[in-house]
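What follows is a group of structures, each given as structure tokens.
Each of the next two complexes has chain A plus one other chain: chain B in the first, chain C in the second.
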Partner chain A sequence: MLRLENITKKYGDFTAVADIHLELEQGVYGLLSPNGAGKTTLLKMIATLMTPTSGEIIYDGKTIQELGEHYRELLGYMPQHFGYYRDYTAVRYLSYLAALKGMDRKTAASRIEELLDMVGLADVKRKKLKTYSGGMLQRVGIAQAMLTNPKILILDEPTAGLDPRERARFRELLAEFAKDRLVLYSTHIVSDIENIANRIIMLKEHQLYCNSTVEELCQTLEGKIYSAYMEEAAYKEFAKEHFVLSVKPERNRVAVRFVVEEQPESIGEIVGKDSKAVGCMQEQYARDWRLEYPNLEDVFLYIYREE
Partner chain B sequence: MVLKEFHKIWNVRTLLLVVIVGGALFYSWVMGQMNLKHLPLFETVEVEVGTELLKRYGTQLDASELAQIQILYEQAEEKLNEVALSAYPEIRDMGFESYQELEQYCTAQDKTEEELEAFFQTKEYQLYEKMLEDSTVAWEVETCTAYQSIITKAQVEKEIEKIDTVSTLPESVQMNVGFIIQDYSRILLLVTLMLVMPYVAMENRNRVYPIAAATKTGRRLMLHQIKAMLVAVLLLLLIFNIIFYIVYQIQTPYTRFASCKAIDLWFGWTWSEYLFIRILMLDVWALAHAMVVFFLGSFCKTIVGTVVMALPCWGMGELAGLYFFPHLFTMSYKEYGRFSSGIFGANKYFPVVTEVFVLGIGMLLLWLLYQRRKREDIVE
Partner chain C sequence: MKIEYPTEEEINTSIAVSIEKAYPNREGLLVYLGRLYRQIGMAFLLHGMWELFLLVIAAYGFGICCYDKLSQTLTGNSHLLIILVSPLVFQSILLLSVLREQEQYTYEVEMTCKYTVYHVLALRMLIVSGFSILLNAIFCTILFWENGMAVLVRMVFLSATAVFAYSLFYVSLLTKSIRLIYQVLLYGAWLLGNVLFRLLLPMVYEYMVWRLPVVIHVFVWFLFAGIMGHKLSQFMYRNCQYNDVRV
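Here is the complex of A and B:
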């Protein structure tokens, strides 16, 4: 459907995106990386807002520059920070963008009603956008991207500013929408895409790091994630020698989730190998040590542990 | 899309601002320069003399008619003398035979500054001043000056332009209307700026273009915006032109000279044709000015930047509007010979060629900026 052939974007000496090759089919692609890795630049190039310094983006055999309007007609794009007219109502703003997207007035009107209902803004559709909260504006942005039922939907941090309930609602909406479409969803909030993304694209140091399913990614850490309880003082020593994924204080102890690079045969082996850690361990909690199944957040933290 | 953009520009708030400011400026100007009651005496007299000549001889004065003007001038001098001597018999007591003799005595350029101080205190000079303040005498004095100015003009036309005829259109009318048009040009540019600038600032502040650029027709948004802006400005100009026309017709006595040939102008246009073309060109200029403000403003990222950019733009527009068009129309050796020098020699087309060249360079620069902008990435 969409092929990115060795895409590079440079600003003078700085390379924002380096030599990315990707083939994207229908489904939800989660674009995951810390801030500044080049996600937004990559999405902007796919949205035709930026031209790659080298490489080409091909859609159905033609470059997107060649296709021009025909390509943009298939596109729904929600930028990270999208512009809006403060004095417009949601309906007027969406009608304006619908006109830009080439929709006729009647189709646009019914689609706008439908979308505003879907994103939960039907009650405030006649209020000016300047009175909207950040989350409400974000939902207007999502609605505008979906106006034309686009074949390619590009979402750059769409859930920023949404509360957990709104995020869950959005995931539901997207799961329904994504059938027969290509959705590119950029975020650094792992939980947003863990359950809905068919594939995860990760960028590291401005290059493509991986393009895999959640399962494939989690498999890479299988047998390496452990959790344990330890005293706070012991944890401080422990954290110096292990890569800790999360820490949760619990009364007089802390619950630690961490990575062990080489898979041990038993917990005792880890304890035995690491004399300092052994010293710190509280024997009474040894039974709480257990091997965990990795999740996407573990993978994300592990991959970007140096950044 | 053009209509949607038009509604953004032509909204109640902007329109109200434009109408209030434009209206206030227009009113103050109508109550001043364009008001017959506020014309200086010399101009009122020139208009009256011109009107009289128009009735008698038509729009042009030929050689035989100019000879009669000489007679009229002499009659006016006699009348002035009669009026002055009957109202101020002390002229004779002072040893002068006529008003003209006293005038010659008082305006002679043969005194040093110290002598002048003492001279202003003399009873002869005091009387001369008193007479000039007397409206009856002053009217007659200005009548003589009006005839004299026609005679001088005829001599100049004959010597320099080699023309035997003179237009009945008084020179002061042409000059005053020149000032009126300058003011009008200033108002037009200002209201255009006030209409366009909030629109550009709003677009810059809201930054909808990146989102629009990823839509089917969003890349043509700027074109739609330019079209909408031009329509809005055109509509505004039309309203102001209608007001100007009505005020000009009602307030000024200048309409009497509509069919006179204008002095020093190209193509032998009549005064009304000349005014029509001047206003039309001002409108074109205001549209071009709006385009420049819009285009340069679109490069500014903040409202302050837009304002900072727009004001010099207005200044430049005004400067060009005030001097470019008058220069374009009044081409003669008399006025422009002094500008021509160096390799160009005394070429009467030099100023206009220079101005067109500068304008051309400006337009080329805008075009290059536009081309560069088209190639740039769209940033949020």
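Here is the complex of A and C:
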């Protein structure tokens, strides 16, 4: 459907995106990487907002330059920093964009009503955008991207500013919308995409690091993720030698989730008597040790541990 | 092996692309802009610009009311005023509209729509050109009515040519960048260029403005209008394809 052939974007000597080759079919693709890895640049090139320094983006066998407005007709885009006209109401703003998107007025009017209802803004649709909260504006942004029922939907950090309830609602909306469509969803909030993305694309050092399913990614860490309870002093020693994924203070101890590269033979190898931390450890904590099933956040933290 | 039959939408897109490749841009500029106008509508096209239009009309009204004083001050320089003012109307309206859009940072979404900022700007330019030419024609009629029809026609075409000449520079600039500062600099250069021309080569300037047959003024106007149409068309089609947003 959409093919990125060796896409590179340079700004002088700085390479923002290097030699990316991707083939994207229908489904939700989560674009995951820390800030500054090139996600937004890549999305902007797919959204026709930027020209690659080299390489081509091909949709159904034709470059998107060739397709021009026919390609943009298939596109829905929500930028990271969503601009809006402060004096417009949500209905007026969406009507304006519907006109630019080439929709006829009647279809646009009913679609706008439908979308505002879906994103929970039907009650405030006649209020000016300048009175909206950040989360409400974000929802207007989501609605505008979905206006034409686009074949390709590009979302750059769409849940920034949404509260957990709104994020859950958005995931629901997207899951429904994504049928028969290509959705590119950029974020650094792992939980946003863990359950809805068919594939995860990761960029590292401005290059494509992987394009895999959540399951495939989690498998790479299977048998390597453990958790244990330790005293704080013991944890400090422990953290120097192991890659810690998360720490949760609990009364007079901490719950630690960490990665062990080599499969340990026993708990003693990790947090027991052979460890440097042993002197600080109490026997009771060793009993709490257990092997964990890796999740996408573990994978994300592990892959980008040096950044 | 099962090959899926393309959807109706994919078939239509393919047909549209093939037709456009075989018969590129067959639709004339005015027809295209007319379609665009019907699609977008005046309200969205000039959104936030009504105040500016009213302001400009008020400024002209003020100028007309002060006609007596103006004609005394302008003795011998009225043509220069026309050449400087007519593009100023065009530039101020467009400049403030671009400023407004830049402030709101709406380009990113608008540039990914079927009709981009460039399409809208092209249509706006045409409408604002027409508006400033009309306003100048009224202004000239009031100012030069007593000087006879020949002077009046000369002045009207002079102001219209100035608008198109200026808009040619403007379109060329927009093809490179829509940064606000460049637009201000462009008008500064126009102002300075004309004043210097008037001061340094008064004879040539005088000849071009007053002595050239009116028919040449009319011809030049048509020539500029034609070039303007061509440039506008290039501007739209060039930028509607895969371009960096340069604000």
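Operating definition for what follows: the second predicted complex is superposed on the first by the 302 of 307 C-alpha atoms of A that agree within 3 Å, B and C clash if a C-alpha of one lies under 4 Å from a C-alpha of the other, contacts with A are read in each partner's own complex, and residues count from 1 in each chain.
Just so we're on the same page, a residue touches a chain if its C-beta (ideal position, glycine included) is under 8 Å from a C-beta of that chain, and two chains touch if they have at least 3 such contacts.
None of these values were measured; they are calculated from a predicted model.
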So, after the overlay on chain A, do chain B and chain C clash or fit? They clash
**Request:** Applying the touch criterion given at the start, work out whether A:96 contacts chain B, chain C, both or neither, answering first, second, both or neither.
**Result:** both
Next on the checklist: Just to be sure I read the superposition right, which of the two partners does A:47 touch: chain B = first, chain C = second, or both, or neither?
Outcome noted: both
Quick check on the superposed pair: does A:199 touch chain B, chain C, both, or neither? Answer first, second, both or neither. neither
Of the two partners chain B and chain C, more of chain A gets touched by chain C
**Request:** Answer with first, second, both or neither: which of chain B and chain C does A:84 touch in the superposed model?
**Result:** both
With both complexes overlaid on chain A, does A:111 touch chain B (first), chain C (second), both or neither? neither
Note to self: Once chain A of both complexes is superposed, is A:167 in touch with chain B (first), chain C (second), both, or neither?
What the structure shows: neither
Is A:257 touching anything from chain B or chain C once the two structures are fitted on A? First, second, both or neither. neither
Overlap of the chain B and chain C interfaces on chain A comprises residues 47-51, 69, 72-73, 75, 77, 79, 81-86, 96-97, 99-102, 144
Residue set of chain A touching chain C in the complex reads 47-51, 60, 62, 64-70, 72-79, 81-87, 95-97, 99-102, 141, 144, 151
In the complex, chain C touches chain A at residues 9-10, 13-14, 16-17, 20-21, 39-41, 44, 47-48, 104-116, 120, 240-245
The residues of chain A that touch chain B in their complex are 44, 47-51, 69, 72-73, 75, 77, 79-86, 96-97, 99-102, 144, 154
Counting only contacts in the complex, chain B reaches chain A at residues 1, 4, 8, 202, 206-219, 221, 377-378, 380
